Amino acid sequence: MSADNTENKKPWSGRFLRPTDAAVEAFTSSITFDSRLYPYDIAGSIAHCRTLAKAGVITDVEAGALIEGLKKVCADIESNHMAFEDRLEDIHMHIEDRLFMHVGDLAKKLHTGRSRNDQVAVDVRLYLKEETTGIISGLARLREALVDLAERKIDTVMPGYTHLQRAQPILFSHHIMAYYEMFTRDCARFSDALSRMDVMPLGSAALAGTTYPIDRHYTAGLLGFSQISENSIDAVSDRDFMMETMSAAGICMIHLSRFSEELVLWSSSEFSFISLDDAFCTGSSIMPQKKNPDIPELVRGKTGRVIGDLTALFMLMKSLPLAYNRDMQEDKPLVFDSMDTLFACIDIYSRLVPNIRVNNKTTKLAAQSGYLNATDLADWLATAGMPFRQAHECAGRAVAYAIKQNKELHELSLDELRAFSPLIKDDIFDALSLDTVISRRRSYGGTARQNVIAAISRAKEALEAVNGSEICKEKTGE
Amino acid sequence: MSADNTENKKPWSGRFLRPTDAAVEAFTSSITFDSRLYPYDIAGSIAHCRTLAKAGVITDVEAGALIEGLKKVCADIESNHMAFEDRLEDIHMHIEDRLFMHVGDLAKKLHTGRSRNDQVAVDVRLYLKEETTGIISGLARLREALVDLAERKIDTVMPGYTHLQRAQPILFSHHIMAYYEMFTRDCARFSDALSRMDVMPLGSAALAGTTYPIDRHYTAGLLGFSQISENSIDAVSDRDFMMETMSAAGICMIHLSRFSEELVLWSSSEFSFISLDDAFCTGSSIMPQKKNPDIPELVRGKTGRVIGDLTALFMLMKSLPLAYNRDMQEDKPLVFDSMDTLFACIDIYSRLVPNIRVNNKTTKLAAQSGYLNATDLADWLATAGMPFRQAHECAGRAVAYAIKQNKELHELSLDELRAFSPLIKDDIFDALSLDTVISRRRSYGGTARQNVIAAISRAKEALEAVNGSEICKEKTGE
Amino acid sequence: MSADNTENKKPWSGRFLRPTDAAVEAFTSSITFDSRLYPYDIAGSIAHCRTLAKAGVITDVEAGALIEGLKKVCADIESNHMAFEDRLEDIHMHIEDRLFMHVGDLAKKLHTGRSRNDQVAVDVRLYLKEETTGIISGLARLREALVDLAERKIDTVMPGYTHLQRAQPILFSHHIMAYYEMFTRDCARFSDALSRMDVMPLGSAALAGTTYPIDRHYTAGLLGFSQISENSIDAVSDRDFMMETMSAAGICMIHLSRFSEELVLWSSSEFSFISLDDAFCTGSSIMPQKKNPDIPELVRGKTGRVIGDLTALFMLMKSLPLAYNRDMQEDKPLVFDSMDTLFACIDIYSRLVPNIRVNNKTTKLAAQSGYLNATDLADWLATAGMPFRQAHECAGRAVAYAIKQNKELHELSLDELRAFSPLIKDDIFDALSLDTVISRRRSYGGTARQNVIAAISRAKEALEAVNGSEICKEKTGE
Amino acid sequence: MSADNTENKKPWSGRFLRPTDAAVEAFTSSITFDSRLYPYDIAGSIAHCRTLAKAGVITDVEAGALIEGLKKVCADIESNHMAFEDRLEDIHMHIEDRLFMHVGDLAKKLHTGRSRNDQVAVDVRLYLKEETTGIISGLARLREALVDLAERKIDTVMPGYTHLQRAQPILFSHHIMAYYEMFTRDCARFSDALSRMDVMPLGSAALAGTTYPIDRHYTAGLLGFSQISENSIDAVSDRDFMMETMSAAGICMIHLSRFSEELVLWSSSEFSFISLDDAFCTGSSIMPQKKNPDIPELVRGKTGRVIGDLTALFMLMKSLPLAYNRDMQEDKPLVFDSMDTLFACIDIYSRLVPNIRVNNKTTKLAAQSGYLNATDLADWLATAGMPFRQAHECAGRAVAYAIKQNKELHELSLDELRAFSPLIKDDIFDALSLDTVISRRRSYGGTARQNVIAAISRAKEALEAVNGSEICKEKTGE
């Protein structure tokens, strides 16, 4: 089945008297999940070959042959010509074993001056750099979708909520732009994580560095890393880059969960603020009338998953002595699951957002009932000279009166209003109108239409800058 | 590819104007993970057929044909003749779709009086009952292995530790029996969880109960449930049985992590208390001398995973309004991962424990150095009439003196000892001997040899009782 | 300041050459949080005195004097006559130090045959037994409040939801009784935890058992424990009882979070299903009209806290070698915070539930719009002979048609309905009426009025049984 | 007791008919924990006064009087002249209530144009900026202590470990510098978090912005913020800055837990690599000989606490609709606890590290036994032309042979060694010597002495730069 370069021996069997138990092989094997690291592992090995050749540890001819062989292994994997087996433990051993089939004994020189400890560190960093870049791109698309929605719906008025109680009227676009801000911060966090993970560990070997005179900066350049690790023990022990990126993923999922919650609420009969396109919903196997907001629900549910992965990673790293411990093998399923889940959620939302239909009439109606202009009555009174606390209480009593009358504030007569304060004059009705209430909130960042239009415009500029930049190349390689 | 019973329509397509987006199908599909529920889903459907027939909703002939068809579907799946596709969403729809191929339009009657909401609830409960039973059996095997080890090693003396500092001498068997106690408690927790999950939800339909006059106790009997759910809304909303079982799994993993930590410590050059069989270790790709305790390390690492799953489940259930929400689809990968991981860890340890070799000499030597008999000096003094606090301080000063002399307490002369208290007499040396120190700790649960032998004997009786019982039948069906 | 029984020396200062650094004292002290364990610590010490006397280790007179002294210490603490200081580390040392003031040198005999390791284990078990009992009582009161509400509101119809979409009409009482079921399961879980924590550890001493001939069953009897620990190492290492109880607390908080979410939703303008009494809400400092459902929001937020405590406990216990490690000092703030939070949430809800006002008209109106009887149309067709899947699709098309007409199903004419199936007859309108839809869901556990009344009646019986029982005595001692 | 500016009315009582229930007041009050925000709240209010005056909303005289009054409130609090009561809910209301006592009705103007929602947002950001700065300073001190230790111990050789098995000899200083790298990364993460939290939310009011013509950049300048928030809804809904900082805290605690684990291991009798000063250890109440590494144990235990807080925060934020919800009140105990715990751990370690005594002889002895030079034998063979994999296996067989002979590799004779490969020559013994093994690992980041000295030198330069910078001013205000 496999090239018998070791007569079925492990790479470390020299000092062992008995072969590994089959149940142990199955339990300890990581090939079922780390096989996806193959492109990074092969890229790392190719760079390692070049580095060894540059240092004179192997000849240029040997390096060429090894690189040729590694490319064949890559092709074998991509064409499904290579079986994965527990016996060969992990992706590193599979590739070396297959390499032997292509280049014979020369393959046994590849592992000179490195260890699986620094090899897996470089693989996972390459993987995560690519994933993180993909997530930043995905977020850019989602932010674009949000900005587009905000731009299209600039005339939609809705209630703003606190405590899920109607609070003050806002522009729907202003609300959507709040999510734009969150995802923009997420991008910044992922960028910071990206620059901190951009550190090349190869050359650290098992933990103490290598005795071969290799040029680690050269390796880093070949692999596109901007820095090299400063301390070989740290280089093979460190999983900060995972913890940091997965924390950023958790925060991003929190944003997605909040957006999801709102989409679920807004899709309910009670709110009826939006409807999602049929293509983005599913129905019920028993209730013929159902059209369910499955995607927001699933995204909300997947939030737990990503944060559970982070908890697991923290727990596995806790109290591990330096340097590498086998516990760390368990980091990979966690980071893979988190990144896959986050990317899928971002991606599906960048598709769903353009398919949100907003029921302008319902949202406007909602903004007009529930005394959302009570603050403006208080502000009017405060501007007229009443201390704000008194103005607030006065407006509160007016609300209590209006509730009893089953009217809104702006439906009360001037006389009724003046019963709460003789300061009140006729222009109060303008102050209480929906348009005025919104347009007067002109403090920077407020919901006034001109503010929101300006914010949209700034966002579009920022996104254009992102799209022009290096980082936002398409996610590849999956 | 599949029986086209619905002309590729969803089971709920009646009110929908547009087909589901392909990316949405992929995002919402659960078939990649819920396919493993097929035996439970088919068992549930067979019981449902019988119940419908008993209620006269379908005829006995129809029921017979449906059951025959369902068995064929089961055979199709087990012989890999059935492809799984995102288009068909989940295992329920796959089975119904395939059933149509076998029995035609009759298949469309199967879903009468039920919903996927109660269907998945029954599936997961059946699954988890079986898994939990399997884990209890696995724990019984592990407990047996521990008791065997304790019995074989009854003569091994080692230091007991607190704060990882040598504290008092103990029997190695006493230490091992501490783990027996932990795993015994785990069994009790899983048994309690098992009895609370043994509740049949079918008949709750979407959430409000069904209009068909079915006998739910009859269904429960067919499926081996001892109780039926009391409230249909709760029945489809409840995931307590998962949270409880996964909490118990988390606690059990904590025990395994503690045992793992100790095996790692004891395998180190510094402790050298045990060695693990070559068949249960692996080596290094770079360092030829290495023999690593991979299994304990991996088990320790997997602890995070199980507790991460629990965190994720808690987070996904938090704040969900009643009844079913699509978020709950995400519960399955979590519970599957937890149960698989826990079972694998228990299983590998029940194989590893018999392969632990204890270095009696090293452990005994360790028990004799480090002043582990200082408490006994204090106890001797207290028994001789000195208040314990003074006795403690007196012994403490003797230790400080002995450290300076580079001797152990029992290596000091009587005169040296009497300098700390004139109460001290010649029989102090017997009191400080390793054998006496251990044998005098005869309080129930203490480390005296006769106590430990009695504990082992009680454990063997308990395990025999377990092995004779119903619950400990072999885990099946994976 | 304190009785200088040790000339300011630590109880363990014998072998130490330098005093403890003040910053270290502050960092390691636990007195700020473990002081609340004083009643349990004193009760444990009193039982220990009696046990030592019974074993002849101290005289009856000595025991009497020590017990008298301990009671005085208790009085000192309760009258705030005793200062807590970092120098004395923990509650155990404070009590012993104060005891010296009352009984002099005799105090130095109290610690004979025990260690702080088994002392804190007994304290925390006594504490948690009491707390758990209190929580079970609190849950009984909450369940009563729910059953009362269900009984009072038996005529209220509301929509049942899945995916937060209106699904089928249900009785409000049926929905409330779903929570009754959850909290009933919580009680069962806490009861199981209670019986597993009811194990007396004293006599385990540091870890190996004690050399004094004490009768541990006697101590257990004095302290109200039903069992004694089997293994001294396990006894001082084990925190399962905390992990299990805090897991149960987490599950209970999940239930409370779901109820909270619904109360928040139902209090919104959009739902308007309920209003909470003014006394249970607060307002806004800026918006005069606001009345916020703060309590449900806070309870929902506190869910994270309790589960965070559990995560912390798991993380701290992970990988700890046996036996006691100082890390375990950190368990107490976690368990205190969890139990306090859970109890406060249960308690406030048992007060809030009777103050929920339900807007019957709104809920009924909601149950009548949104095609909640579509399942019944499908069921009617299935009963008339159409396979359920076809019936479902047929009803789905009728819904799509009705949406276009802006009508409900029961507002369509017979002819309009018959366009979807010629099977349909005049009695379909009865089948689609709200009353029929509810009353026909008579399967056990379904929402039919007679079912719900029976369920309420069973619940009242169960609660009476609980109230009559031992366990439900009032929570005391806080 | 308090200034009765509202006749015991709530600031929002206008529309309420019934007063708040006392149990509800106790449950919802946050004053027990948010009182510590007073300096930030007062600073925010002072800046708000100035902003209102600049905008002409209040006069300069009014502003002056309010500011004077606020300073008096600050003095009242600092001199303990102000009682905190549940009735007044939170720190904001306490300060306003007290302000009334000092300035009368004018106090009622303070809340113009703001809400508690943006007020608490600014308070917590000010608080967290200060804490984060303090943590960065604390980490600088800890890094200095580590670099000092590394410099002092540059001659200490010890075994490097993987899987807790001896792997290759390293310099103790190299190992210590690995922690320096970790804490340096932590500083970078906290700095990034700091710049992202440096955003001023005031002026967002409840959620929609304010109607008053205020200059938010002016306010930001007064409070030392470099940016202002872009979106008012986001500004009051956002807790990213907490999640990010607490994630960074979690990662930092993971580093501390790993260091703690190693200190505990190294302090054990089995390792005996270090001893901690008596002043940094405590003893046992029962075992006179014990000297326990309590601080590392407690720090390790506190890791769970900080990560539990993070889990709690994630869980509380999950699925919250915009904007402010009362759940978010629960964020404060979590962030306070995390920051306090982290700072205390960093601080105690910066004191403990200089008190670590290293047992050079023991560490060197350990580095010489256990075949830690086996890699160098393999490297020697590989350099001599044998492919590395064969060289590895050859060295492995030599190790197996040496184990049987009970010798180390360098204790074998040349003939014995040559039995494994005729390539081996006399200079192998130099290659296997401890000094050579270390000094040959000269790849950048490796353990060779000259590398480590250079790394220490770079670190000292970096720390000097930090000490000279703005950010590293002393943490104040606790």
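General remarks:
Going by the order they are written in, the chains are A, B, C and D; count residues from 1 in each one.
Operating definition for what follows: a contact is a pair of C-beta atoms (placed from the backbone, for glycine too) under 8 Å apart; a residue touches a chain by one contact, two chains touch by 3 or more.
Model, not experiment: these values are computed from the prediction.
Graph distance from chain A to chain C, where chains that touch are one step apart, equals 1.
Between the interfaces A-D and A-B, more contacting C-beta pairs are found at A-D.
Put simply, the C-alpha centre of chain A and that of chain D have 23 angstrom between them. Chain A and chain B, compared by their mean Cα positions, are separated by 32 Å.
Of all residues in chain B, those touching 2 or more other chains are 11-17, 111, 117, 162-164, 167-168, 205-206, 265, 283-294, 297, 300, 303-304, 307, 311, 314-315, 318-319, 325-326, 375, 392-393, 395-396, 398-399, listed in ascending order. Residues of chain A touching chain B in their complex: 10-21, 23-24, 27-28, 89, 92-93, 111, 114-117, 205-206, 277-295, 297-298, 300-305, 307-316, 318, 325-330, 333-334, 344, 347-348, 351. Those residues of chain C that touch chain B in the shared complex are 5-6, 9, 11-17, 57, 105-113, 117, 160-164, 167-170, 174-175, 177-178, 180-182, 185, 188-189, 192, 196, 203-214, 216-217, 228-238, 240, 243-244, 247-248, 250-251, 254, 257-258, 260-262, 265, 300, 303-304, 307, 311, 314-315, 317-326, 375-376, 379, 382-383, 387-390, 392-397, 399-400, 403, 438, 440-448, 451, 455, 458. Touching chain B in their complex are the following residues of chain D: 159, 162-168, 264-265, 267-271, 283-294, 297, 311, 314-315, 318-319, 366, 369-372, 374-375, 377-378, 392-393, 395-396, 398-399.
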